[in-house]
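Got a structure for you, written out below as structure tokens; questions coming shortly.
Note that the chains take the letters A, B, C, D, E and F in the order they are written out, and that residue 1 is the start of every chain.
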């Protein structure tokens, strides 16, 4: 009964806001992949082994591609025209963030990784400013 | 300078704990995909349109596969033998969680989706109990 | 010798314009996948077989995802700040086109597919207006 | 009304020729990925940076795999037994082209990339000789 | 020492026959995915549940695509011009097998799945007739 | 008629044992990809060419990921609680095997590849001990 209430509760508030695919969006997905890139850049700098460095390049390439994908989904599907008032620099923010992710593919300098993380944090702020957290995540998860 | 300190600081503590790929792990990745599955199940129940329902099945299948992948990575690469003392039911927890994700592929009952979310929250607790949060995420992100 | 000249020739003009990944961009990639979506929508309307329709939904979903990917790559990596003067509506054009691709995933109305094709043709015009064709394709291909 | 006519027109001619998936085929997809491989080979020769070269290998591997995939789809699904009269060397052409794509994965010599482009142009000629362009693309796109 | 001998032994005989990627080829990969398609077709016929049938179509589509991929790799990379003497119908065999896999995507009739299995068994015979088993698998695996 | 009997026969015995996806499982899938990794490691040791070695790292990474995926599917979906009596070390066996596959990603020592092969052979023994071969493969394939 308590469980039933738990998963019925958010539904009513959520259905109005999202449409298939699912309506669950969170910049945390891009953040986690970008943290992987950042760590890989640090490790690359700290390790001169040929195999390690080749793997680092391969894996960073994949992770940065996932960052771009997660950012694209937010820009395509979560953000709507009515959000542009609240986030006037929305398009430039996403353009800069995705270009920063492309830079991260080409670079092994952790400072480029940090720049990407900072831009993703601005995306996170835009998502929160538009009510993203309440509207798109399922209630009842650990803080 | 502050920024410099920010991204140097975690490095020293982190390098000891992780190895390529990157050492960044977070059950939140599995959680977000599982929330997608849960929402899709709710929407499936609320919508009898043929196209909508076919798409719901396709997308839920992909999302549940991602849940399994994210759980597998945690079990393969984050959890180490020394963690089994702290999490004695580690293997059964992951076996149940991945089997629950397979169930979510086959089911359109949100209760199956909620069961998967609850198991992922137990994985999250195991990750925190073993110091996962401090050890594997990059400092300085928004709470 | 003639072959040697042929593949040296474009190099000098191209190297200045692109950087890895490769610098080859063409909206035709998005166009072809969008034509697939459009044809699938037509076929869906013309065929009531359950298996056929389920496959149509699955394949359209994949094709529309590829449209989004190809559009994203153009927006992230081909278009540069200096192009915004020539294409003032660049961001809105891509936002509308990617949102139209999301609509194509959810719809089985060929008119939605045609709308996507028309927006991709506007992207194609923007790519040509910024010298995309001369700068990014390899010389010597059949017209 | 004009739009309606526009998207009804090609349908009648197309439906007879293709079946799901969609019937839209164009060697241009393979050509564009092969041009990427060719450019990457040129850039590899012009740049001795370790990171750049590792990325070039990774990306060329992916692009050449896509070339193979696009060629396979044409051979499996577009070309039909009745086309063998018009293109007697059909199987050898595709076998040589896919083997040339495998060579492009292993090589960093732009001449191997050019050889692949030339074979894809022969595939393009075979596609045109069998009416591929009229039968499989959607009318109304920019030349 | 015994282990050392075990993994050194096959090396000398194998290196002459294969080149990166790896030289390990086995039609069993295509066979296993084709068996999945066949079973899915059987189950589809035995189960009229809407969700089950939609999933069956999705999964069969993926499995049949993997069959095509595994067949393509054999045709592109394992079979060499010198094998055509031993397998005169090589190209038609692969063309029929890949077209049969495309048919399996569109069909829910297990007889189409069985036809694909029979063609893959002919590919297996061609692989064995050209020494594929001895040349491409690693010694010491369970029978 | 004989063919008809052939594909009807296994059905009755199989339906009871598997559920979509398909019920076809075989450790051979993991074995073949692990053999690829092992061969790549051998070739890496035997070849000091920069391009060759970079490609070897990339391809081994992909192949080892496929090994992990195939092992995960067996552990998630083939093995059931009732099998734990017959295979008491089931979880540790899969944990060790997937961790060995992660090691293979990071290593270029064929001994690590052989260790993975040996663990997969133990998985194969567990699959056979639980009746996997009879229950999950389609009858009538070449020995």
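Before moving on, here are some points about what is shown:
Rule of thumb we're sticking to: a residue touches a chain if its C-beta (ideal position, glycine included) is under 8 Å from a C-beta of that chain, and two chains touch if they have at least 3 such contacts.
Keep in mind the model is a prediction, meaning the values are calculated, not measured.
Listed by label, the chains touching subunit A and subunit D alike are C, F.
Judged by contacting C-beta pairs, the busier of the interfaces B-C and D-E is D-E.
Remark: rotation between subunit A and subunit C after Cα superposition is 180° (nearest 5). The chain pair from A-F, C-D or A-D that repeats the E-F interface, sharing more than half of its contact pairs by residue number, is C-D.
Of all the chains, the one whose CA centre sits at the greatest distance from that of subunit F is C.
Farthest from subunit D, judged by the mean position of CA atoms in each chain, is B.
Residues touching across the subunit D-subunit F interface largely differ between the two copies, under half of the numbers being common to both. Spacing of subunit C relative to subunit E, judged by their CA centroids, is 33 angstrom. Here the spacing of subunit A and subunit B, counted between their Cα centres, is 15 Å. Chain centres here are Cα averages; for subunit A and subunit E they lie 39 Å apart.
The set of subunit E residues that touch two or more partner chains comprises 20-21, 52, 54-55, 58-59, 105-106.
Across the assembly, chains come into contact as A-B, A-C, A-D, A-F, B-C, B-E, B-F, C-D, C-E, D-E, D-F, E-F.
Those residues of subunit C that touch subunit A in the complex are listed here as 19-21, 68, 72, 75-77, 91-92, 95, 98-99, 101-102, 105-106.
Residues of subunit E that touch subunit B in their complex: 50-52, 54-55, 58-59.
Against subunit B, the residues of subunit A that register as touching in their complex are 3, 6-7, 11, 14-15, 18, 20-24, 26, 28-29, 31-32, 35-40, 42-43, 46, 52, 55-56, 59, 63, 110-111, 114, 117, 121, 124-125, 137-138, 140-142.
Residues 53-54, 57-58, 61, 105-108 of subunit C touch subunit B in their complex.
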